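Below are two complexes that have chain A in common, paired first with chain B and then with chain C.
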Partner chain A sequence: MNVWMSLIVSLIAIGAVVVVGAIGGLVPALHPVFGVVIPYAALAVFILGFIWRVLRWAKSPVPFPIATTAGQQKSLPWIKQDKLENPSTRWQVVDRMILEIVLFRSLFRNTRMELYKENGKLTYGWQLWLWAFALAFHYSFLVVVLRHLRFFLDPIPLPVTLLESVDGFLQVGLPSVMISGFVLLGAVGYLLVRRLYVPFMRYISLPSDYFPLFLIASIAATGILMRYVVRVDVVGVRELTLGIATLNPVVPDGINFLFYIHLFLVCVLLAYFPFSKLMHLGGIFMSPTRNLRGNSREFRHVNPWNYPVKTHTYDEYEEEFRDRMIEAGLPVEKQPAESGSATDTESAEDSAE
Partner chain B sequence: MKIYDAGKVIAGLIIFFVVFTFPVYYNHGKVEPAPKPSLETEKIQSLYEKNCVEDKATMRSGHMLLLDKWRDTVVRDRLRSYAGFKGTRFEMSLSNTCMDCHSNKEQFCDACHNYAGVTPYCWECHLTPKEMK
Partner chain C sequence: MADEVPNPQEMINIDHRPPATGWMDTPTVLRKGIYCYAGNPKSLEYVGLPNPRQWHPEDDDWKLPENWVEIVLDGLRDRLDRFRSLKIFMDICVRCGACADKCHYFIGSGDPKNMPVLRAELLRSVYRKDYSLAGKILGKTVGARKLTYQVLKEWWYYFFQCSECRRCSVFCPYGIDTAEITILARELMNLLGLNIDWIATPVANCYRTGNHLGIQPHAYVDMLDFFCDEIEDVTGVRPKPTFNRKGAEILFITPSGDVFADPGTYTAMGYLILFHYLEQMGLDITWSTYASEGGNFGFFTSHEMMKRLNAPRPSAWGSSGSWAANAATCGG
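Our next item is the complex of A and B:
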């Protein structure tokens, strides 16, 4: 699929989601469906799909130690091991995993081969932007999700309130601007522009790459609209979301249809999650290149499903062809003078078997 | 088919499930009913026409914007009079105008703000009605 097809397909998909959500919001009779039934269905698909996907991964055997070895492996005692880049114990693996998940260290090392116009040399350059924006994207998304806990928890825990006051510490405008929402939208925008602007990124991008970006961008945009422009009835919204969280669903009147678009987009995100690239949330824990120990020198790893291979060693070969080899003047290991006794011992071995 | 590292995978999935269903058991299935801001104050009861500065819908969703505008107008332009939606003039003052009618901060302001987890910074400078007495 070329870039236009991919963009058109994903934009039509996201447009359809927004329209369906808007219909759900504008027709009061559909509020129980869009406010209760679909969110529960989406949550069920998310949780069950997530478990199914992880179990499916867990069914794939990982017979070989394929940990990426980005540093000195554990070797002789006087050679310093790079414990973080080439972990040899479980705890070192845990350290590496935590830093990978929290700081995206492997993305930090992102390099790109480029032809420098100034000197005409082909050089590997360090590409930091993707790492920086990926970090901004994931952390702002996390903060946004955690802030939303005020809609789902009662009483609202102190950490959520504190996070909100830190997020809004600029105290700009009323309701005060939450930094994370705008950082999220900006970072999604960067990831989208990067896909469209860099030629080889554009070439490898598919609707399954654009759709999640559009989806998350629409969620952020509707959220920002609801907070700063339309200002939906927060009390009503919390009544509905608390109802979902406590399994006592209620559908209050008078919530703006924009909320239903937002909610439906989130439901689509949840239901789409286990079947998409977004599943790297679970996949990062299942990456054999990260979660295995680099101990290929310490232990001999044998492929567990090796079948007994039929071998024909040189000794056996010479035994079979010795006479003809001597005839052809080829050197042999054992001379035929000894072969008489050798044959005797061999037949003795044969009978012993 | 065999699940490799079943112990670790299932432990991870249990953690996933516990984290993502946190709201369900945190709330114990109990819901605090949605608040109804109380208008039961002497001043409001004595009013012939029970009107706020703007109409109810505007006040409900936009009272913070009105207060923000009032603050800026008073502090920056020294203007204190504001024409309400019925043409009535109001003094732009949180303590003297808003809190005069809505003197029941706990049942009025706080009812929704606490429910929605909003902490307005009005009271970092302004005295609450109780403190004024």
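Our next item is the complex of A and C:
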């Protein structure tokens, strides 16, 4: 599947979602379905799907200590251990994981290889763009999600109000511009352009890479439209969302269909989440190369499914080479007379290379 | 190997641009000089690996068992249940591409399927077809494909172009470790007798003689004796190593390359000189001809083979009542 096909397929999928959402918003009879039933269903799929996926991972054991050991392991006291790259205690693992999850540390060390054919030089340069935009993307998304708590909690908690005032600190426009939404849209744009512009990125990208980007971009775009361009009955919207949160669903009249598109896109994102690469949210916590200790020399790890295997025993070894061992002055367990069978020196000869 | 050795100017002429066709639609052509020859059937037979036979990678027919698809898919299911790493690594890759230009096989070949992300996708695509509903229904759209003969050949070609160095896992934001994926993919291929002789014969040698070079006990002693001659010539002092000596405090194991070829031989001579000194200080050291491999050659075949080949170490150690010291290994 080439890049055009991938783009077309994922754009058609997004188009379909938007159209369905619009129909849900334009036909009043469908409002209970799109305003209540589908959101509950999507939430259920998200929660149950997430749990199912995590349990499915947890069911398989971790048989070997396979932490990525990119630094000095704990050794003798005068040898300096690299505690982040090769943690030996649980707390060091926690440090490593926090930096990984909160600051995307592994992505921070990203480099780019360049090959200069004229002089035959291969160079590496520190490459921070992916890290910077990935951080911008995830944190702006988080802020947007937290800001939306105002729709689900009554009274609106102080932290949410504070977050809003920080997010809108530029105090431009009325209603004042929230930076996070635009950062989110911009970061998604960068990730998309990078995927399309860098040849090898284009090559490895699947429709299932473009689809979530389009989905999140559409969510951000409809949100921004509703806030700054198309007037939406915010009171009505809040009535509906509070109804969902308090398990007393109500469907107020007169909410713009744009809201139903926005809501349906979010529902699709929730339902899609557990079955897609977006599960890296859960996976990063369980990745054995990051959450294990590099303590294979300190502790004996026992493989839970360890089973006996056929090995070449010392007796079998001596049996084959006894004569030669005696000749070479090596100690043997049995003397040739006791062993009974003569050693096959022919076969011993042909494997010496 | 290639018939003519290219000069550096030709070798640096690497094209890192991917082809115009999508990777699933770009057929894999096995290039001479890139692949290794098939495992020698005698070696496979010696250690009881499945399907020993004479075959050549460029042949159309690889002489596989009739139900090979079933064998591989069952093997995959079994490994998903035994390795959480495999399950997670199959599920969470976002294809951010951070690993791509970290792989020396990709840097050196320019072949996009040598990017760790695509190497993993070779297996992941089959996993999706079999284990995700979306993969079953939507197929290629979600990056899923059936396990075909072509796919298997592609696996063999690319999973033996990975040295399991784990560099990609350092750069991956989720720590996805291609080594883990390569090890398990090779386990699957070994179920069908798909191996390379650079691995299969050293493995058989390890099993039989205790080291991958196939050095037999008398030859091992002879080689160290030769080093002692050299040391005596230069220093006037002759170390007196012992072998398979029961009751020694320390059993020393080093990669067998150290007793076989330069520059490892100099390292081995260094050991001999060091041990001569340490023995005067009161340490009690012996070498083993039975556990004579410090390298981890089973690692390149399967977890089971790893255990089978490493068995001589604790057993030689157990029977002598000493504790083992293993010098720097190769093969992890």
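Just so we're on the same page, the second predicted complex is superposed on the first by the 302 of 353 C-alpha atoms of A that agree within 3 Å, B and C clash if a C-alpha of one lies under 4 Å from a C-alpha of the other, contacts with A are read in each partner's own complex, and residues count from 1 in each chain.
Just so it is clear, a contact is a pair of C-beta atoms (placed from the backbone, for glycine too) under 8 Å apart; a residue touches a chain by one contact, two chains touch by 3 or more.
Keep in mind the model is a prediction, meaning the values are calculated, not measured.
In the superposition on chain A, contact is made by A:Phe200 with chain C only, not with chain B. In the superposed pair of complexes, A:Leu55 makes contact with chain B only, with no contact to chain C. By the document's definition of touching, of the two partners only chain B reaches A:Phe152; chain C does not. In the superposition on chain A, A:Asp95 makes contact with neither chain B nor chain C. Counting the residues of chain A touched by each of chain B and chain C gives the higher count for C.
In the superposition on chain A, no contact is made by A:Asp82 with either chain B or chain C. Using the contact criterion defined above for the overlaid structures, shared-chain residue A:Arg109 touches chain C, although it does not reach chain B. In the superposed model, A:His312 makes contact with chain C only, not with chain B.
Applying the stated touch rule to the two superposed structures, the overlap between the chain B and chain C interfaces on chain A comprises residues 58-62.
Residue ranges on chain C touching chain A, taken from their complex, read 8-9, 12-14, 16-18, 20-25, 48, 80-88, 91-98, 100-102, 107, 112, 115, 117-118, 121, 132-134, 140-143, 166, 169-177, 180, 205, 207-210, 213-219, 221-222, 243-246, 289-290, 303-304, 307-308, 311-312, 315-316, 319. Listed in rising order, the residues of chain A touching chain B in the complex are 46-47, 50-51, 54-55, 58-62, 149-150, 152-156, 160-161, 164-165, 171, 173-175, 231-236, 238-239, 242-243, 245-248, 250, 252, 282, 285.
Residue ranges on chain A touching chain C, taken from their complex, read 1-3, 5, 9, 53, 56-64, 66, 68, 70, 100, 104, 106-107, 109-113, 115, 117, 120, 122, 130, 134, 198-209, 275, 277, 279-280, 283-284, 286-290, 305, 309-314, 317-318, 320-321, 324-325, 327-331, 348, 351-353.
Across the complex, chain A is touched by residues 1-6, 9, 12-13, 16-17, 20-24, 26-27, 29-32, 34-35, 60-62, 64-65, 67-68, 112, 115-119, 121 of chain B.
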